[in-house]
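Quick heads-up: structures coming right below.
Note that chain A is present in both complexes that follow, paired respectively with chain B and with chain C.
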Partner chain A sequence: MTSSSPVARAGDGGAAGPAPVTPHNVPHRGGPANPTAESLRARFGDAIRRIDVVWGETTVVVARERLLEIVRWLHDDPEQQYDYLSDVTGVEFRDPEPPLEVVWHLRSLPRRRFLRLKVELPRGTPLEVESVWSVYRGADWLERECYDMFGIRFTGHPDLRRILMWEQYREGFPLRKDFPLRGRFSRAEQLRQALAANPEARYSMEELSIADAFEDLPEDMRQRLKAGERTGE
Partner chain B sequence: MATTRRTVDVALATTGLDERGRPVRTPLVTDASGSAIALEEPPMLEPELGGEHMLINIGPQHPATHGVLRLVLELDGETVVRCIPHVGYLHCGFEKIGEYRQYNQIIPWTDREDYLNSIGNNVAFALGAERLFGIEITERCAVLRVIAAELSRIISHLVWLGTTCIDIGAFTPFLWSFQEREKVYTLLEAWVGARLTTTATRVGGMAADIPDGWLDGLRAFLAAFPKTIDEVDRMLTKNAIWVGRTVGLGAMTPAEATNYGLSGPMLRASGVAYDVRKDFPYLDYETYDFDVPIGTNGDVYDRFLVRMEELRQSVRILRQAADRLPEGPVNVDDHRVVLPPKSKAMSDMESMIHHFKQVMEGPRPPVGESYVAVESPKGEKGYYMVSDGTSKPVRWRIRPPSFVNLSAIPKMVEGHLLSDVIAINASIDIVMGEIDR
Partner chain C sequence: MGLSPRPEPRSVEATGGENWVTTKLDALVNWSRANSLWPMPFGTACCAIEFMATAASKYDLARFGMERMSFSPRQADVLICAGRVPFKLAPVIRRIWQQMPQPKWCISMGACASSGGMFDNYAVVQGIDTIIPVDVYVPGCPPRPEGLLYGILLLQEKVKQEHMGDETIRREMEPDPKSGLYIPPAAIDELSEPFGNSVHQTRSGL
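Coming up: the complex of A and B.
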């Protein structure tokens, strides 16, 4: 074998303790919680609304206003070291009573811990929560997707716009429970909109403005774009 | 190792290239005897090309974008100043559809997101659903799933290898790797009847046990496959062109890679030894003896080395799994979640009721939620499921590793040449089916 790739063993004790094993016979509720949950309660008190352990995974429900502060502490504190953001997503229940939830899955790679943070967005309040982009760059697209699918606005995100749906999509937020599976508009209306879109305007104004390409466009197209026309990407 | 990496000794030097793979200036003027006359180096002129930037669009219909990725690049000459990726052309709403499906009915959808790792996704989804149901799978099932997941890793890495070679301009390794991939697909076909869209698992077990003699086929493959890896290794690892086109491109430091949420070979090439199989084990991976390769520079070349080594490690795991595969049932003995055999459903009243209830209503997990991540070939693949006690999930979320890995591409391509964008993009190992879902 000629490969010169260095091979290292992950999982030889250290700060993370003994090598982890596959969990078996995990109880539905209860069981040992992630020690971080108690540290959070000790430090942030009332901002920690609830701590649940479901199927061995610790969920901490925190106050919406202090989310960013808590995430930053989890990331920076040398006892916690949650340096890895796995996922950001939202949950809406079929039952209209419970609030919408925003869920963050955090990992501490040095300590091998997994933590689920949640913020509840009660009905009737604006769907807004602070962005964790300033702590984790990986939150960029994950938050954009969450906004795209649920309409949850992440304040402080540098570029919060749709990602999977196109920017001119007007039907709403697909993963909300009031959004029908087949979409809001009829097929005929979707087709009409697709045909009405201007296939020439492939670049967003933002993209055109960063380069000198705008000046090279045909005159009529420049006029249309300046007038605010925005069509399919 | 860190010091040797930058001076990769090149065995296959090519005429016209120096040992780093850069073009060598060859003299064009000869004297009467035919020997070259050394030319004076022309003075390097600093070109005054002005500040005009160009806007270049790559994709969505471009073979090197691996599907329907679209990159809008701002170029200064040939150097990328800024990259704006556009995704979503393949968006099908898998997560929405999942909310209208019973758990077992979602498994075919998992085939179709990361379609190079379909059986691995089946395994991941079944693990997530089983945690939600509180099911302990049988020992035989766990080993079979390890075999499935590692075969799937081999397929995915082989496709990555082949397509990346094509992107960079080497055609032969593509043929070699696709030949081997074909053999794995033949094995899968013998096992579950399908090649690409396997739908191999069920909540609580597998769709089918392996047929008689299947392990012999697997062992034969495992005996022959390392030769192909070695051939590709000999062909590429010290190849001047390969090294020249991959070393130093798209490098991410360990801190950056972690902060950007990279996972899988992308993260490990940067030197962070995070492998879900080791750090948050599942399927008793801690009992298998295998190593996690890590790189030092986090560039395209290191990602290549890491994936090559992972192929070898997968072979190691597969050998151990084939040796330890225990006898016994594959499915759990609980007919509230696993369908009773058809013969019993037709002759035994209780089985018939279970069969009816399962098909018409579907098994119901208790209220709760689970996030189960596995080490897919692309990285940390997680399935987050929330149950409200009905037979369909309230929320089924896919944590797509290629989506998060791709989100770092503006950072990785900045300052590189346009032609390097293709190599960097290839090194991410994206599957648009998974990114857009």
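Coming up: the complex of A and C.
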């Protein structure tokens, strides 16, 4: 019965993952770390800055410069097989001292593992980090959302522009702590700017190429469209 | 001074205002209009769930001549905005409203559509009356189907009060060309000042 269970069968020929267990009495801090953390430390050494275990979940803080390399290794290494990127997001703390963080939630379906990767972006440095789009295509919109809300630029992203707010949005990055809850402009000005937008200028670039909203696009998008750029695939 | 004044165009008013024919015709036209309003549902949030419950068999919107949901604005009479409207949807709902033919009415269903509700933040329009003209506001979060039905009956009462001599009901209301808004920007700022909208609206009966 157990051998026929579809979830216990790994796709890599014999290296079946552990059977699912419901964790009990998980401590707030400490406890067994994800074995991937030790593998990471053994392989990348100084690039692994810190390993925390919080509520049984392992957080690995890595060096900003080597992030893409680490993520690619986690994805490709047959002992790790982190094949699913479930979230990319940012964290900003209330106090001005702690750095901003970018968080990646990685999941290994064959190995039943969950790993949280973090990169710290100290204050005063440019908010830039490498895009993992070349490893996980699903990172496309997640990174766009992170850019839209926090202003973190993902270098190497094919189409880094706003995704939730409209493209001409000029008030800043809403989830940053210095952003007022009601926005920077008055309500009437916000409304005027929102109504000035062409509703059809919100579609993807393929749809736009057949729509008549082309002239209302921002200049850089028009240039990219004219150069034949396509998003998605 | 020798010129005779230009004759007034013959309108209903010029022929003596309301008379037996026009009032009976008014009653007939308004009766048929009020009982065959075709709603254009613009559901963005949980109010749309209550709207669906209203249209379903238990509350049965068809009793009031509204069983035909018009998912094209060009064949709709009533825009029912059910749910919060973010700024990104503001030009969309404005365009949907402008695509509806006259005569047309609008019901703002729920606290969010009427005032922004609890979403007093950077992303949500503080009341759709800042974008399009609204005839009936239905309070509630979300309103129960009975509440929406009461709002619809109020709208039917409003429709039954109309006179064919009133030119304004057939005229498309144009937004101010400078600001693109129906009401002055200063009024919008005052209505949606921090906590302003909700405070002003809950003082009605107290």
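Definition applied: the second predicted complex is superposed on the first by the 175 of 233 C-alpha atoms of A that agree within 3 Å, B and C clash if a C-alpha of one lies under 4 Å from a C-alpha of the other, contacts with A are read in each partner's own complex, and residues count from 1 in each chain.
The rule we apply is simple: contacts are C-beta pairs under 8 Å (C-beta built on N, C-alpha and C of every residue); 3 or more make two chains touch, one makes a residue touch a chain.
From a predicted model like this one, the values you see are computed outputs, not experimental measurements.
> With both complexes superposed on chain A, which partner does A:137 reach: first (chain B), second (chain C), both or neither?
It touches chain B, and chain C stays clear.
> Per the overlay, which chain contacts more chain A residues, chain B or chain C?
Of chain B and chain C, more residues of chain A lie in contact with B.
> Counting only touches as set out at the top, which of chain B and chain C does A:181 meet: first, second, both, neither?
Both partners, chain B and chain C.
> Does the superposition put A:86 against chain B (first), chain C (second), both, or neither?
In the superposed model, A:86 contacts chain B only, not chain C.
> Is A:166 touching anything from chain B or chain C once the two structures are fitted on A? First, second, both or neither.
After superposing on A, A:166 lies in contact with both chain B and chain C.
> In the superposed arrangement, does A:191 touch chain B (first), chain C (second), both or neither?
Once the two structures are laid over each other on A, A:191 reaches chain C alone.
> Could you give the residue numbers on chain A that contact chain B in one complex and chain C in the other?
The answer is residues 164-166, 174, 179, 181, 202 of chain A.
> Which residues, counting only chain B, touch chain A once they are in their complex?
Spelled out, the residues of chain B in touch with chain A are 1, 4-5, 8, 52-55, 57, 70, 72, 74, 82, 84, 86-88, 91, 93, 95-97, 100, 131-132, 134, 136, 230, 233-234, 237-238, 256, 258-262, 272-275, 278-286, 291-296, 302, 305-306, 308-309, 312, 366, 368-371, 373, 380, 382, 384, 386, 388, 390, 394-395, 397, 399, 403-404, 406-408, 411, 436-437.
> Contact residues on chain A for chain B in the complex?
It comes out as residues 1-11, 16, 19-22, 24-26, 28-29, 54-57, 59, 83-87, 89, 91-95, 103, 105, 107, 109, 112, 114, 116, 136-142, 145, 149, 162-166, 174-175, 179, 181, 202-203, 206-208, 210-213, 233.
> Mind pulling up the chain A residues that touch chain C in the complex?
It is residues 164-166, 171, 174, 179-183, 186-192, 194-199, 202 of chain A that touch chain C.
> Help me check something: in the complex, which residues belonging to chain C touch chain A?
87-88, 90-92, 94-95, 120-123, 125-126, 130-131, 179-181, 185-186, 188-189, 191-192, 194
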